[in-house]
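One chain, chain A, links the two complexes that follow: it is found with chain B in the first and with chain C in the second.
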Partner chain A sequence: MFNTNGRTNKVLFFYLPITLMFMWTIFPIYWTINTAFKHEGDIIKRPLEYLPTSPTVENFVVAWNNVGFATFFKNSLIIGITTVFVVIILSTLSGYALTRYKFKGKGSFLLMLLSTQFIPRAMLIIPLFIIFKNMGLISNPLSLIITYTAVEIPFTTILMSGFISNIPRELEEAAAVDGCSKLQALRFVMFPLLLPGIVATAVFTFIYTWNEFLLALMLTNQQSKFTLPVGLSFMMGEFNVNYGALAAGSVIALVPAVILFAYAQKHLVSGMGGAVKG
Partner chain B sequence: MSTKQLSENVKAERRFKIDNWIPYLFILPSFLIIATFLFYPIGTVFYYSFQNYDISAPFYNSFAGFDNFVKIFTEDKLFFPSLLTSLKWVVSQVGLQLIFGLIFALLLNQTFRLRGFVRAIAFIPWAISGVLASVMWSLMYNEHMGVFNDILMKLGIISEPQAFLAGTTSAFISVIIAELWRGIPFFAITLLASLQSIPEELYEASEIDGASKWESFVHITLPHLKNTIVLTTLLRTVWEFNNVDLIFNLTGGGPANSTTTLTMYIANLAINGSDFGYGSALTVISFVLLFAFAIFYLKITRYERED
Partner chain C sequence: MRNLLKISALIMLIAGGILAGCGNGDSGSGSKDGKVKLVFWDENAGPQRTPIWEELIDRFNEENPEIEVEYVGLPKDSAKAKLDTAIAADDMPDVASVQTSWLPEFAIRDALLPLDDYLADSELNDLINAGAVNFNKEIVNDGKLYGIPYTQNLDVIWVRSDWFNDAGVTIPSTWDEFFNAAEEMTGDGHYGYTIRGGAGGSFQLQRLMFAYSGLENYFDEDGKSVINHPKHVEFLEKYIELYGKNTPKSDITNDYKEMIAGFDTGVVAMVHHNIGSYGEHQKAFEADQFEAIPLPKTEDGKYVAEGGNTINVSIFNTTKNADAAWKFTEFINSAESQSYWNEQVGQIPTNSGVLDMDWIKEAQHIKTAFEVYDNPDTVLYQPPFYLPDYRSILDNIVDSGTQKVMSGDSSVQEFLDEWAKAVDASEAKYNEAMKK
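So, the complex of A and B:
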């Protein structure tokens, strides 16, 4: 654009904006970590400390033991892992049916999956509360596992069918010729090749369950059954907020999601490409 | 082709009986769980919207006809203001997320050292929950310990600490900024994926033709991104309209309902649990509005699938 002064332009139109972008993204995370490692007195001290002068893990101990983040963490983990397990099995099966078979009602089923993407989740909070109340499952992790499975399956089925369509059909036929049953072919031929797709789907599902708030809030009314987001929200709403412990709790909630996301983001993007293509 | 086709036909014949049932068996669990826990509840929302339904006194529940709907349009002092707040919320979120998402994507599409690392960082907010983001931003907005007050005072922009979440205008802006932080990466990711699919030759050809960078942006990049932009803005509109996590935790809809969107209003009603029928009627209205919007939007943008 402005060839006369390339270096200035590079600074002005590239290095400056990308530095700002980086700062904008990282700063809230940095500030939370910074707060989590400060002594309680140092958090409100003026002038503000941009680096903790005497870092402490005290807040983490308080959040984990006294506030109940150990319990919230465990609840989120149980719900997340169980949901992932169920979602993977169900979406692999239905993704497989969609990719490898022609059958009556296939189009309608696909339309059913797609139309769920336009259902506002807020629409679900009232009826699901009533349904699970009638089933006696309020404050039972099962209600969240079922709900999250239902919400996630449409997308993960489409994601899985994208991954499955990338695997050549001939491999299964070869297995059938070798005397494998359909299920054996699935287990020993498809499964290993599908593993990257399964991992991406699992991470995607796990992060969703780890982060979901409104349904978890609605379907849980005992503190011992809170998930991490509900626990954080509850702590924020307290009259006397312990900011150090709140920040520490946030870091506890942050780490697993961010590590998993960083690990799987490339697979996830390529999987979405496959899903669109397939 | 013919021998392969033939052997496949023979095989297909042999497996005919079981194979006919396999796809249905495979989709059955997914079908049942979606039907029971997504479609059935949606149906009941429509049913409840015509009822007086109080969860604490279920024996007094009765058919209400259109009473709930009439009440919403005639008596409800929160309905239209919250609809307007929803509109402001959605337009500013989607508009700004699109603009900054595009800027992020264009920056991240350049070649530079540490690109993989910077990309991974730039996408992180996408993996962070609304509740977590609201904790992070509330720590920064805080009147007593917040870093924004510290920075603004050091820069001489303000003279004493502000309670950003306590003023009606500043609370709305604060919530907008925090949600932007979380929302931009979604656009950045989808637009970056789309940018990477533009053939390099197109740019080379336009450079030979003497087009400026701006001209090739307008004539090559933007048209290529159109379908992605149309789809992602539609998805985000629906999503942001229904999104309450951050508002719920940062302001709870306050102060003085200045951050109460329609969905926030419904969530408050649902959580208080007093009149599910009324809440359901509001939910039905918001669903109809969104649905009408989606159809209208796809029509005016003339969205077409790429072949």
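So, the complex of A and C:
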């Protein structure tokens, strides 16, 4: 009954599920983009418009200029990129130490790293605020960069140590025989092999900083220093939601994440599979 | 290796740049270029309200070149948490827009500056709605004034006046007329009324109950909640009776959007909400098709409204420039500024100086609300905002309880007893903590 027609099987068990999953994932994104290009009046109009009849970029202009997305975007970008750099360097080095060295209390150190992930962020807000206030860093992107780095480091360290442990120790030994110092071996031998892992860590960290709302709001007291997620929350009022500008803002916020994934995709796939094979 | 060094140097440079560029993280007041700098926090920022505040601040800065006000907008859902953090860390703004229900807590935490003397010496004293000002004093522990209300809202019933006229039914002003209208206006493919059975229904239900009973206090002489008072039971039994007969069956899960859509798409003839939904109705109807009426009067002819439906300008006591902060507070509450703000947002000013302005005369719903607030017989009852679980009782016990009564799983008496018990328990816990 089911055996002969391979083509039917392929359609039934491959193309159909894939298409359904694709639709499921893509529909909200399509609807957001669709809404972003509609006039305010057309958004809630019945019957629904599946494509904007008279497309407009008005919502983007409102979000970018009136609501201040230009500034929020810049702030998010500075914080995101800097955090990613710091996290990558620190987590590569600490991941390397955790994998390659034996030291007293290594087990409990790892456990401690893991435990930090269980602390609810909301509990940290007031202590963090007081610390940064005393340092004069409230409304300064550095407060967010430091906090995000601290929040991300434990997980990314464990992640990186996993990637590093996949690279045979012999490669470094061979480099040492050829006259490389420890740092040179790390830079010229390990680094290129670790690239997929680094990309995975970078994407993970960037997405977290790009989406984080609570700390970004709490540690900032100046309008011009808010980040994108805080900006998006301005669109939802008590009696009215500015759907057009909200959708336009979401599309703006989506762009860097999409570009990042498009670029990082091939590294991500190989990163998930482990750094070195064979 | 050299590249690694280069990257590190680059990061140092970026970090240095950020530090240099954003040195001033102060949220409080200070002086810059000999100017007094004030920081103002808006508790409900967004594309609608932010430009209004910015315009008012520009006007103020222009009028007062020695003062510079900086605007910081906060998203509505997180504004309270942000202010809580600021108070805990002693890093408050100079001035803020503060909801009335937050005043008792902020007063206990000793965060705000009393404004009684400032107001007494100001020409605003005779202009700002006395009921709202007194209410602000009554709800705080020490009886002082911690916020000058610049806008107020009021629950009203929106009615399809065109349908009422066609059917020859009286637009209700008493509760008997209301129940009668709900019945008479059902038919011809529409219902007389719609009940908010879903999220947020509890707030509206409470206001309707007090408007019917005319009870002026939330607690009786023995300190027990009046929620399960026989008058409230009587009202709710009549009210629930409407469900399914004179209201859509789907009302049991109705929240704001569905309820307003029901009215705006011609499914129901009356809906209870506040004047804030005017903008939605205006999009759907011509001006002569709908109007706002006050919640019906009690048996003895009084309007009863929930107090605290206002937003205030408050000054935090950590400010170093209290006089400048008062100047700004006074400016926002001037007839001109209040008129500008409230006309744009569609709410009711508290400054009686705006009464003569054209837009008030033309806005039927604002005029209706003004009449209720300016009526000397209007009673404002005071909900226990100070109870830490006031909100969660309404959200968790009352919203779901209403649905149980609507579906017939619980009687009105059982439901109101449960609600009253929760309020009493919370009040007892609060009194214990405050050692009353």
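Rule of thumb we're sticking to: the second predicted complex is superposed on the first by the 218 of 278 C-alpha atoms of A that agree within 3 Å, B and C clash if a C-alpha of one lies under 4 Å from a C-alpha of the other, contacts with A are read in each partner's own complex, and residues count from 1 in each chain.
Throughout what follows, a contact is a pair of C-beta atoms (placed from the backbone, for glycine too) under 8 Å apart; a residue touches a chain by one contact, two chains touch by 3 or more.
Model, not experiment: these values are computed from the prediction.
Which of chain B and chain C touches more residues of chain A is settled by the count: it is B.
Touch criterion not met for A:L144: it reaches neither chain B nor chain C.
When the shared chain is aligned, no partner comes close enough to touch A:L215: not chain B, not chain C.
Contacts of A:V62 after superposition: chain C is touched, whereas chain B is not reached.
In the overlay built on the shared chain, the residue A:A248 is in contact with neither chain B nor chain C. By the touch criterion stated above, A:Q184 is placed in contact with chain C alone, chain B being left untouched. With both structures placed on the common chain, the touch criterion links A:L48 to chain B but leaves chain C unconnected.
Judged by the touch definition given at the top, the superposed model places A:I125 against both chain B and chain C. By the document's definition of touching, of the two partners only chain B reaches A:F14; chain C does not.
Look at A:S94: by the touch rule set out above, it reaches chain B but stays clear of chain C. Once the two complexes are overlaid on chain A, the chain A residues touched by chain B in the first and by chain C in the second are 125-126, 129-130, 133, 214, 217-218, 230, 233, 236.
Residue ranges on chain C touching chain A, taken from their complex, read 1, 3-4, 7-8, 10-11, 14-15, 18-19, 22-27, 39, 44-51, 70-78, 81-82, 85-86, 88-89, 91, 93, 256, 276-277, 279-280. Contacts from chain A toward chain C in the complex involve residues 62, 66-67, 78, 81-82, 85-86, 89, 125-126, 129-130, 132-133, 136-143, 145, 183-184, 187, 214, 217-218, 221-223, 225, 230, 233-240, 242, 245. Chain B contributes residues 11, 18-20, 22-24, 26-27, 29-31, 33-34, 36-42, 44-45, 48, 55, 103-104, 107, 110, 112, 118, 120-140, 142, 144-145, 147, 150, 181, 185, 189, 193, 212-214, 235, 238, 241-242, 244-245, 248-249, 263, 266-267, 270-271, 273, 276, 279-280, 283, 286-287, 290-291, 294 to its touches with chain A in the complex. Across the interface of their complex, chain B is touched by residues 1, 14, 17-18, 21-22, 24-26, 28-29, 31-32, 35, 43-44, 47-48, 90-91, 93-94, 96-98, 101, 103, 106, 109, 112-113, 116-131, 133, 146-147, 149-151, 153-154, 157, 173, 176, 182, 207, 210-214, 217-218, 229-230, 232-233, 236, 243, 246-247, 249-250, 253-254, 257-258, 260-262, 265, 269, 272-273 of chain A.
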